[in-house]
Amino acid sequence: MSDIPAVKSALKAQVIETPSWGYGNSGTRFKVFAQQGVPRDPFEKLADAARVHAATGVAPLVSLHIPWDTVPDYGKLRAHAEDLGVRIGMINSNTFQDDDYRIGSVCHPDPAVRRKAIAHLLACVDVMDATGSTALKLWFADGTNYPGQDDITARQDRLHEALQAVYARLGPEQRMVLEYKFFEPAFYTTDVPDWGTSYAHCLKLGPKAKVVVDTGHHAPGTNIEFIVALLLREGKLGAFDFNSRFYADDDLMVGAADPFQLFRILHEVAKNGGLDAANGVAFMLDQCHNIEAKIPAIIRSVMNVQEATAKALLVDLDALRAAQAAGDVLGANAVLMDAYNTDVRPLLAEVRQEMGLNPDPLAAYAATGHAEKIIADRVGGTQAGWGA
Amino acid sequence: MSDIPAVKSALKAQVIETPSWGYGNSGTRFKVFAQQGVPRDPFEKLADAARVHAATGVAPLVSLHIPWDTVPDYGKLRAHAEDLGVRIGMINSNTFQDDDYRIGSVCHPDPAVRRKAIAHLLACVDVMDATGSTALKLWFADGTNYPGQDDITARQDRLHEALQAVYARLGPEQRMVLEYKFFEPAFYTTDVPDWGTSYAHCLKLGPKAKVVVDTGHHAPGTNIEFIVALLLREGKLGAFDFNSRFYADDDLMVGAADPFQLFRILHEVAKNGGLDAANGVAFMLDQCHNIEAKIPAIIRSVMNVQEATAKALLVDLDALRAAQAAGDVLGANAVLMDAYNTDVRPLLAEVRQEMGLNPDPLAAYAATGHAEKIIADRVGGTQAGWGA
Amino acid sequence: MSDIPAVKSALKAQVIETPSWGYGNSGTRFKVFAQQGVPRDPFEKLADAARVHAATGVAPLVSLHIPWDTVPDYGKLRAHAEDLGVRIGMINSNTFQDDDYRIGSVCHPDPAVRRKAIAHLLACVDVMDATGSTALKLWFADGTNYPGQDDITARQDRLHEALQAVYARLGPEQRMVLEYKFFEPAFYTTDVPDWGTSYAHCLKLGPKAKVVVDTGHHAPGTNIEFIVALLLREGKLGAFDFNSRFYADDDLMVGAADPFQLFRILHEVAKNGGLDAANGVAFMLDQCHNIEAKIPAIIRSVMNVQEATAKALLVDLDALRAAQAAGDVLGANAVLMDAYNTDVRPLLAEVRQEMGLNPDPLAAYAATGHAEKIIADRVGGTQAGWGA
Amino acid sequence: MSDIPAVKSALKAQVIETPSWGYGNSGTRFKVFAQQGVPRDPFEKLADAARVHAATGVAPLVSLHIPWDTVPDYGKLRAHAEDLGVRIGMINSNTFQDDDYRIGSVCHPDPAVRRKAIAHLLACVDVMDATGSTALKLWFADGTNYPGQDDITARQDRLHEALQAVYARLGPEQRMVLEYKFFEPAFYTTDVPDWGTSYAHCLKLGPKAKVVVDTGHHAPGTNIEFIVALLLREGKLGAFDFNSRFYADDDLMVGAADPFQLFRILHEVAKNGGLDAANGVAFMLDQCHNIEAKIPAIIRSVMNVQEATAKALLVDLDALRAAQAAGDVLGANAVLMDAYNTDVRPLLAEVRQEMGLNPDPLAAYAATGHAEKIIADRVGGTQAGWGA
């Protein structure tokens, strides 16, 4: 049987990080549909993120993206966050939007472009220093579109050189996490396309380098929980970028496309110590709310992660291990499904009430009137999006 | 044995249509890398397209996209095309970039939005009347991102209603072709996701409605040549949108990712009468040259289609049929591979010389100085792209 | 709000058909692991199927496979079924295990092989006559492994001819359902690879021909509920073959790989009238219990379909439609997810009790001692499997 | 420009290994179609393999599979091979066909089963000692079919233990290569599902352990040449299992489904030193000739590898590197495509003639009358297949 007080404690201790860019506009290559009330600067993004934390109680960290969140005074931004009750999470680099990066950044054939990209990465560590962020999140759009366009192994050499330069710059309490992605925006090779490539690089760099698993960045059919379990076994799981997908990197709300997969992932996380703060795994959302209201979508996503976590914590591990050891295929599966089929919403409502929160985060948010207020207030200026 | 004069005749008679938007800027949701010398208006797009035709001799048609190619006077545009030695091909509608289309156009739950979308489609037929175009190409970005977001069958009813309204508006020499797409920009349901859906609608509409096969719009592993063969068998293949992909709708140069697949497609086309002008199949490119020079990329793409066509025409059909009838698996495959493994570049060089062209279209284009001229001339103004 | 009595009625009226071959041995090309107590003949298969019905109350139909279930006297088999409280469901043809079918059956280039295959199909209708079965289920393994091996359109012509011959033979109360499959055992072309091909053939045949959706027979990422909704809209959904898969045609227990997908499918079924007996949709399991105990696996599968159906019936359609009409993306999704997140096991326990059944079908089955009995009794003879 | 004499030398030095089981019967789970003249024992398999080498001149190695190729006296088998002009290549273990392996072999939850599996692996090393084979090829069918069935990380621990035991047993000139596979016969988790998992294990084991790339064992869309390039860069590419696939692990003739992919793979091999004998990469076929004549299919496959290699060797690397360094996307691609589009059959005919061979290996084989002879001679006994 599950130890409900322990489950509740774990749920109260959970920390889910939200991305500053999730509050801004996003879209596809076909169209970005602007929404009313979208933030115009990083301060307004933090204000929205603080509402998510206020409603859910488990989202105190906000991930920044440089240069989209560049400000003249990061100390001021950090203080603003703290005033709002949130903190700066991971710093995300961007080496894909400058015209120089047309055919690559850290893997570009031209050393001058590589130097520029590395300088940006080092500047991101400066932002970490200034904001108190302890992790640099690296995703490289680098790759090629056509066979022959560039040399696969030469690009790996260049990548290694860049990663080493960044690794050497990290402070004692800082770390870097390296994301992989199956494809997009590159359509033939991607320089870090799978967990194996990221893992191989992180292994060479050292203990401060770990792998990021973005749940939307895999080939069709890939067993993501298997990768998660392996990385935890190796001590190399650095962070999640949660979202969900039916097709490619769709960036839908986590838990929206395959809630059973999310549960299986969190089962591996819970079973392999990934929920222990000491393990340092960051649980981040990385989503695009192209057509739905952004703040409610993020609250819903946080709730989806909580529900999957609650179900994972309810798995009767003793019964599971007994069935597994006995080779009881149906019995072991049934133990897992029993937890999954449980409606954990009442349990989470209790958890929230014990945390002094409204049991219904969406209703709590709606009651604040924030949605109406930002539509009224945020008039003029340039809405935040992927380009700014 | 192949009848080389007949092969050459067929290659000289081939018509490949290029898309006006292929000459403009394009990119991914992450970044559009602008290129120098890109056209600023439909007249300049036609000028570039004319260069492709001049170099290859087989690309006299240019497909327009409304509203990207909206002009006050279509008669003037048509005359400009004819002065340049090209003609207006298919008219492509766009019901995905207006803010009203956030959750759909012809399938939107709100009848007012549907009326707006239908009005646009009818306006495209007006453009056909004005430009002499004989085909309307319909691609709908309509779909949903989340389970439950809208009703699948209700959306089909709305789609049918819109298609009927357009069909009724077509003149005696006009037709419509309906494109399907596996996903993107919608990430849960797409209202015309596969050939079956397009076929079912076209069947109900009547003989002037046919299916468009975009080679990048299928689920992984889909056998495209099978679909092509089926549609030709049913008299329902209306057009190709050629491009190539390794992953999703990558829109790379046709023949760049899987030249053998392109050959197999053209083998079905050739074998089933698809090259006969009477069949009315349009052979169009629909690509994005995100990182490579656009006009040379389009010339290369035209050449790739020609090479695949030449190989398809070289298949010894008598030998193939004999081996098939005998159940000789290896023998039949060998007949096909023999054609595929042939280097057809010398044959195509001859064809071009017999057509009075330079045997090397890329060299011919380079020699014109057009690339340098447009970089020098096309300064100022707004470069054409997917947004304009 | 849902009408619980109506939900319960629908659940009590549900009919799930089980396949005779699901009780026999099965495996992969690498190994068939024989299990103890497996039936040696169709009579024993029916005995096992009757246990599933006894435990669940909703599985009174058993699908036969010819020649695996060939018996000298079908009247006797039918009487045996009725004595056990079950009935003969659909008859499944097999044109893939005779040596003559190496490169095809009804699509084979040799007319003699085609005649043999058609004769088998007609003989299956004889079995229908003799057993009272009202539906012939057709799946063709036909296809090719290598490009060029055979002619795609010629094979379609042959297929059409065979289907017509069978259609003409059907009695007034009989119908045929045509299954499609993405691939396997053919690895290049499959002659009925997708719903569109099956639909096109059924349309030409007439109202007694409908499409079978096997949930494991699609390309990666295919939206199956979309196909289901379309076929119901067209009146062309004939039957389901339920199972689940992570990769290809894995034939795992339905609901085991993606229970949310199963729910979405049943939501479309329920919403579009598919649960009405008048619609004649057959809900069949088609699975392989390679490593798990067979009868309990089938009971679990029946329960999984029931749970998904119960959740589908709990969807608040009024609220859903209101949110859809309002374009409320998150609201509409939330209505659907509310039903999915409900734990319906207590409701189904009540349904079973009201039907006079043990609320726990697996416990009910275990209590019968059937599992032990068949292990003791079924000694000697040849265990049933795919080959016999 | 390419150095044709050097290209020819490389082609003459190429060694392609054929699998003993490729000469036996194979099929799908639906049906194994037996062929006439199939070997009944390992001696006859070697006789067939010798014919492939005689016809092609580049296939002197034959890979064995234990227990399918178990013989009482391996010294006699080795001598028989040498008499026929071929040698024993890699030894392939089999831990998937014993009834004990229903839910695993080296990863099984029961230590007794694991011990049995390890004992088999060690016995395979004994066979290496007895036959002079220098490499043990390990593929594990281990995995699970249902979520919860067993513990992912516990199974990795067991796997590591088994691999270590085998590694410790290897002689100074022996090595082991570890194959990964996306799925099948396991349908939920596979214990070595991707190159990253194999690489991580090999890295821990030491320099005698390397990764096997089977070209049919990847998720849809996976860039195989990228993996090949990475493994060569790390010194961890041990062997290829060549075959081709359109869907899953179809095991068709290599080069039959995507010859351009095969060329890209061999381009990476050639460019990164993989053709140097010193690198020790084994180039093996691993295919199933389910419906086509086996020996001609293997000859064709060898030729397909040769043709892809020849094209790869023709790539003008200086021109390629210059275009890559200049960021000339189209130019670099054109260099690669120029080699691919070359018809290398005349070059290979010359190579064969210089080797004293018939320029047409299939004609050479046909002329031997071996096909007719084995049909006449190999009557009675049990044909070899996957089961024996």
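Residue numbering begins at 1 within each chain, and the chains themselves are lettered A, B, C and D in the order written.
The definition used in the following text is that contacts are C-beta pairs under 8 Å (C-beta built on N, C-alpha and C of every residue); 3 or more make two chains touch, one makes a residue touch a chain.
The UniProt protein names, listed by chain, are A, B, C, D = L-rhamnose isomerase.
Everything quoted here is computed from the prediction, not taken from an experiment.
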Count of contact steps on the shortest path from chain A (L-rhamnose isomerase) to chain C (L-rhamnose isomerase): 1
A-B or B-C - the one linked by more C-beta pairs in contact: B-C
Same vs different contact residues, chain A (L-rhamnose isomerase) with chain D (L-rhamnose isomerase), by half of numbers used: same
Euclidean distance of C-alpha centroids - chain B (L-rhamnose isomerase) vs chain C (L-rhamnose isomerase), Å: 39
For chain A (L-rhamnose isomerase) paired with chain B (L-rhamnose isomerase), centre-to-centre distance based on mean C-alpha positions, whole Å: 38
Sequence positions of chain D (L-rhamnose isomerase) contacting 2 or more other chains: 102-103, 145-147, 182-183, 188, 220-221, 223, 246-247, 256, 260, 291-292, 329-330, 333-334
Parts of chain B (L-rhamnose isomerase) lying in touch with chain A (L-rhamnose isomerase), wherever the complex brings them together: 26-31, 33-34, 96-97, 99, 101-103, 141, 145-147, 182-185, 187-188, 220, 245-248, 250, 252-253, 256-257, 290-292, 386
Residue ranges of chain D (L-rhamnose isomerase) touching chain B (L-rhamnose isomerase) (in the complex, touch as defined): 220-221, 223, 246-247, 256, 258-261, 291-293, 296-297, 300, 307, 329-330, 333-334, 340-343, 345
Contacting residues of chain B (L-rhamnose isomerase) [partner chain C (L-rhamnose isomerase), same complex]: 102-103, 109-110, 145-154, 156, 182-183, 188-190, 193-197, 199-200, 203, 218-223, 225-227, 229-230, 232-234, 260, 264, 268, 271-272, 320-321, 323-327, 329-330, 332-337
